[in-house]
């Protein structure tokens, strides 16, 4: 069990690390690559959970994660970036440094919240949850610090990976597969949405700032 | 099982069917028929209920919601039949979109009904997400710049909310896990509630934070409310009615379920203060937002936020009176607000705009619409002889005795909001006639049905109904 | 009895429905309403002295129901309500014909009447507030009858907003009285003994709530806007009756539901009453819209009534002063009755003038006493009555109030010792100014020469309107000449509220061979309306007879003398504004921040001299403008939230989440 | 031996007959002081008789109000005077009303007079009415404050009782009463339109108040007005005398009755002389100074009330 625990811990930790990498990125292609990595680690983590919990249905979840989160969606995002020709920098709000610090603080917060309270949950899920929470929070942080739709999608995706991790970590949790499917649908919609805007030629960019210009309330 | 099938399978089947039918008149009729069936099915729950199973659970609490949900769904389908035809003629929608619209309408109803009858918190989450996605589709259906933007905003904020809710759900499962053990049992209401007292309270607290923010986004609580006004304003009016009348309730229902769970766990924080705080903030901010509105549907969307604030406040205050008042207020608000949106829809179609500045003197140009609008606003403002008066009477009077300051704040919010609504009403319903004065062709039956119910509730609440509400209130602790 | 009364109310509701559907049936509906309300007025009068009767209907909240109760207090006010209602309906039979959109009046008028009756009969917080708000709502609809002019829309806005404020204040008050368990029945509230602090808070809330409906300064601002905007028979109801219902509510809460409140609250009421009386009449003097002038006088009279109530509260709080309390209370109840009568009368007169000349602006009227002699005569009686001139009814109630004030210095504490005489001065000032104001009102409207073509072509009012006015005018005289009857009738009401009543006034008093009323003791003070009336009649007859016998009978009609320079143009007459000018110069700077500038032409130039004067509504500037400003500013700053980017909205969610988690982390 | 009804009848006749004489005395005194011959004392009586004999010239648009007002005004004033103990306290009509009622009756008379002033629709009538209204709106409260002072001290507003109290040692000499007296004198001057508030002799248009209101009256109507004015002067003087100098009132028996009559006549004479002296020794005020004077009167009244507490622990 010791080894199992350590590996699970390491994988979860790796995801947090990947989240930090996401925070750090300021170029869309690189961002998407890290996202790919994020999804890949998630797949690994879920698979490992499936192994140590000996819960076969988790393998399916892992496969879905690999397929959707590590391959399909990043690919789609890549295509968007190509089509829109926005390889330029992602305008981040309030420089990288402060953002990283904020991320640190969030990790600390999530540990502070989680570790004491799940004391008598079993250690695996316990640390899993704690790290998953920090991944979720960092995901949100990414969303609010990126001005560009693709960046926000990336943030949302990582947030969702965090949740998947938590779901997988919760021992014997049913419906994990269904949930991850449902979630993939959500993501798909988001990506499609961006495509829609592109295809309908309404916005020459998916930069939300442009999208915000009109308000129905404005005179 | 028949009723359950009526409530769930019928909408689903109807959705598939409607997706295939091109003629919008026919599909509108089918839409109505399906909604009526669902309503009938839900009514039968009043007399006998299927035993709680692994997937579906029907108890006193959600029966209130289901009946309300299917009824408003039905009346809305009636209204939409008249409304949507006009949209086609005015060229705002094409036949293809109408097909999509009707299909989505049923999907939406299916999602909401499923969320209400789900016995499994995971299933409920999926259902809420389904309902959200379908409404997103509807909001964006006009494909105008503003509509797509509103849909996008709704979508992003909603998705984040959904995600938070899911995380909360997982945490709940995790809290249950040590007590109940692995497996689906750990996500069943009945089981959860039975063992709630042994859960790790701190973990439940964290879970509730996520659930409150997650589902609270759907309820439209400040500061997660931003999607609501635009979604109401830019979508087709039937959808605005459904959003205000139903979707908010469904999200609220989810919230209440978890509140019960927390209440059952001795060590956990009392969810009351959190809800009271959010409710007050929502009421006060929405009340202020009302003053600068120029779009009539946005105006009433913000009033929905305000109302939701009051309702959440009431449930936060809890106590037999508080919960009862909350349920009553919620029911009355669904009926009233959808009625308001019905007449607002007609008005907007007649005037060809949603800008308040371009409509006026309705009681003179369209007495029927004008006076129903007046009645609606009077009702929503909590004035007699309408039902919301009763619920607000109970909320304020019961909360003032043990939390004077909070009640005073609530009253302040109510006053400010009323000031804004009355100001707008003065220009809309009275004064010189402004804007087009063409005739209204759609039927006003749904409006009258709703207002009549609200009026009846204000004058006389049938004792069985109240007994039933009271039982539901007692479930809420 | 009570069943019959409620049946009457139900009939009125039916009439409301009929008014909504029936077209062109106005006169019939009004007649029906007049009959119904007249009957219930009789019933109320009959049950003035009878023991309380209760009735419960299975309406509203099932576990509560609607409770009704008819005790001397509600009976008296029900009589006031129904008297006003009946006369207003009678008046409206004729007056209503001039309404261009009767469809906006007919449904709401009977509804308004029904609501008024229900408020007075209600015996639990729920049905009370229900009827209370319904009353406001119906009258709001009636205020908006002439909805095309911006003024009445503004009036309606301010009116309903203040009405809802008062409703909430009362709701909070009842919330306190009912407690968390929700014992909403008045019966339960009577038995409950709230803590002193709680009771005081409840009473202050009640004062706010009822004051805002009665028109107590500073929550009066809606009244002079709303009352004139409505059709005149509705104005009469709002001024003459609805404000009295608010007084009823205050009496019900302060004297019946709550335990005896401390004296300082009574002093607050007293002070508010005095200020209201004087400010109300001063504002009235500055008006030249006849109906607005009358509305401001309602504010004044409400002040007088509340002076009486405040005195009663002070005496009640003091030990062994029940008799004085009874005197003060009887005085204010008497004034309630009087004001409802002559204010309705005056509004009817104003309505007839409005119909006859097509304007409410006094500056465009004059000389109407020739064109509409009967209306003029009745209006004159109303003016004399409200100016507290003997032998009419207005004088009696103010005289009684004075007698109560004169008992104030006997109290041990210094607060009342000082404040009560000051209030006496305010009351005297108000009375004197009122007389001045009605010299202006009658003089400018009915006397002198017509100031407009419409005024010179005015037609006398129809017979129904005249009938309504005649009845009320007769009541003014009778109540003034036989005050003993009224005082005795009020005894049971006073007894239910303060446990004592004024000594019974036997019509032929043992002490004097007349109908003198003696509040305390014959040696202290007495007033004999009947004898004074007889004396006046006799002496006038004597004077006229003497003149007939001794003097020359020759009468020659000639142009006015006017110091030898008569000017035929009616513009040379004194106008309402110029009549009030001296008083404006005396009180204006202090009260209204009045500023006036005179521009004299250069010597020899023939251009007219011009005076430009401006008044400011200080009360509005102090109490209302700031609130509106704050809301406006907040709304403007809150509105920014409508125009943020999705990212910012997400940030709110994120911030809320982090904040809550932090809170959790810190609390664990 | 002399019952209240008889006394009442006597008094009502007496006041009516004495009133013009009082005016005559005042005028005579003023004339003497101004080194004029002046009219004979009976001049006012002649004037009234002459007016009665003359025809009435009525303005074209005079209404019934204008024609009935004079009689009502006289009646109201006379009725008020019937309640005031002049030479004896045993009046049959005493219970009809107290000091407040008297004030109110005079107020009613003024109300009618102001309306009559407005009835013809001339600018002078208006000016008189509006100024009269302003004066009254301050004079009446002052009067009532005096009433309050007396009522607190004497425990009554009934004139006979007050007089009795003033005679009793309980009254003593109080500063409040001095204030009340001053205030009452001011009010009395205003009520009767005497200098410095108004000048009964003037017909200089812009200074007129009372005269401006009655400008259009003639013949018997004017006679009634004049009589009422004289009666009012006598009445106010009687009130002051009855309250502050009640000597010789309420003495028993026929002797007492005679004493009362004599002392009353004496009081009237002194008052008339004082008034005359005062009027020649002071100038008329500007109209808009008057409110300040009357306001001072009001304040004095109120002050008197409050000082009572100090002077005697009520």
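The letters A, B, C and D name the chains in turn, as written, and every chain counts its residues from 1.
The definition used in the following text is that contacts are C-beta pairs under 8 Å (C-beta built on N, C-alpha and C of every residue); 3 or more make two chains touch, one makes a residue touch a chain.
Computed from a predicted model, the values in this text were never measured in an experiment.
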Most remote chain, CA-based centroid, reference being chain A: D
Between the pairs C-D and A-B, the one where more C-beta pairs touch: C-D
Computed distance of Cα centres, chain D from chain C, in Å: 35
Intercentroid distance (Cα basis), chain B paired with chain A, Å: 31
Centroid spacing, where centroids are CA-atom means, of chain B and chain D in whole angstrom: 78
Distance between the centres, which are taken as Cα means, of chain D and chain A, whole angstrom: 99
Of all residues in chain B, the ones touching two or more other chains: 152, 156, 160, 202, 205-206, 292
Of all residues in chain C, the ones touching two or more other chains: 642, 644, 646, 650, 653, 657, 661, 664, 668
Chain-to-chain touches, reported pairwise for every pair that qualifies: A-B, A-C, B-C, C-D
Contact set on chain A toward chain C in their complex: 93, 106, 109-110, 112-113, 116-117, 137, 140-141, 143-144, 146-147, 152, 208-209, 211-212, 215, 217-218
Chain A-facing residues of chain C, complex: 642-647, 650-651, 653-654, 657-658, 661-662, 664-665, 668
Chain A - residues contacting chain B, complex: 113-114, 116-121, 125, 129, 132-133, 136, 140, 143, 152, 156, 159-160, 162-163, 166-167, 170-175, 178-179, 182-183, 185-186, 189-190, 193, 196-197, 200, 202, 211-212, 214-217, 219
Residues of chain C that touch chain B when the two form their complex: 58-63, 104, 125-126, 129-131, 133-134, 137, 144, 147-148, 150, 153, 156-157, 160-161, 164-165, 168, 171-172, 174-176, 178-180, 182, 184, 631-632, 634-636, 638-639, 641-642, 644, 646, 649-650, 652-653, 655-657, 660-661, 664, 667-668
Touch list for chain B against partner chain C, complex: 152-153, 156-157, 160-161, 164, 202, 205-206, 209-210, 212-213, 217, 223-224, 226-227, 229, 269, 274, 285, 288-292, 319, 321, 361, 363-364, 378, 381, 383-385, 389-390, 393-394, 396-402, 407-408, 411, 414-416, 418-420, 422-423, 426-427, 430-432, 459-463, 466
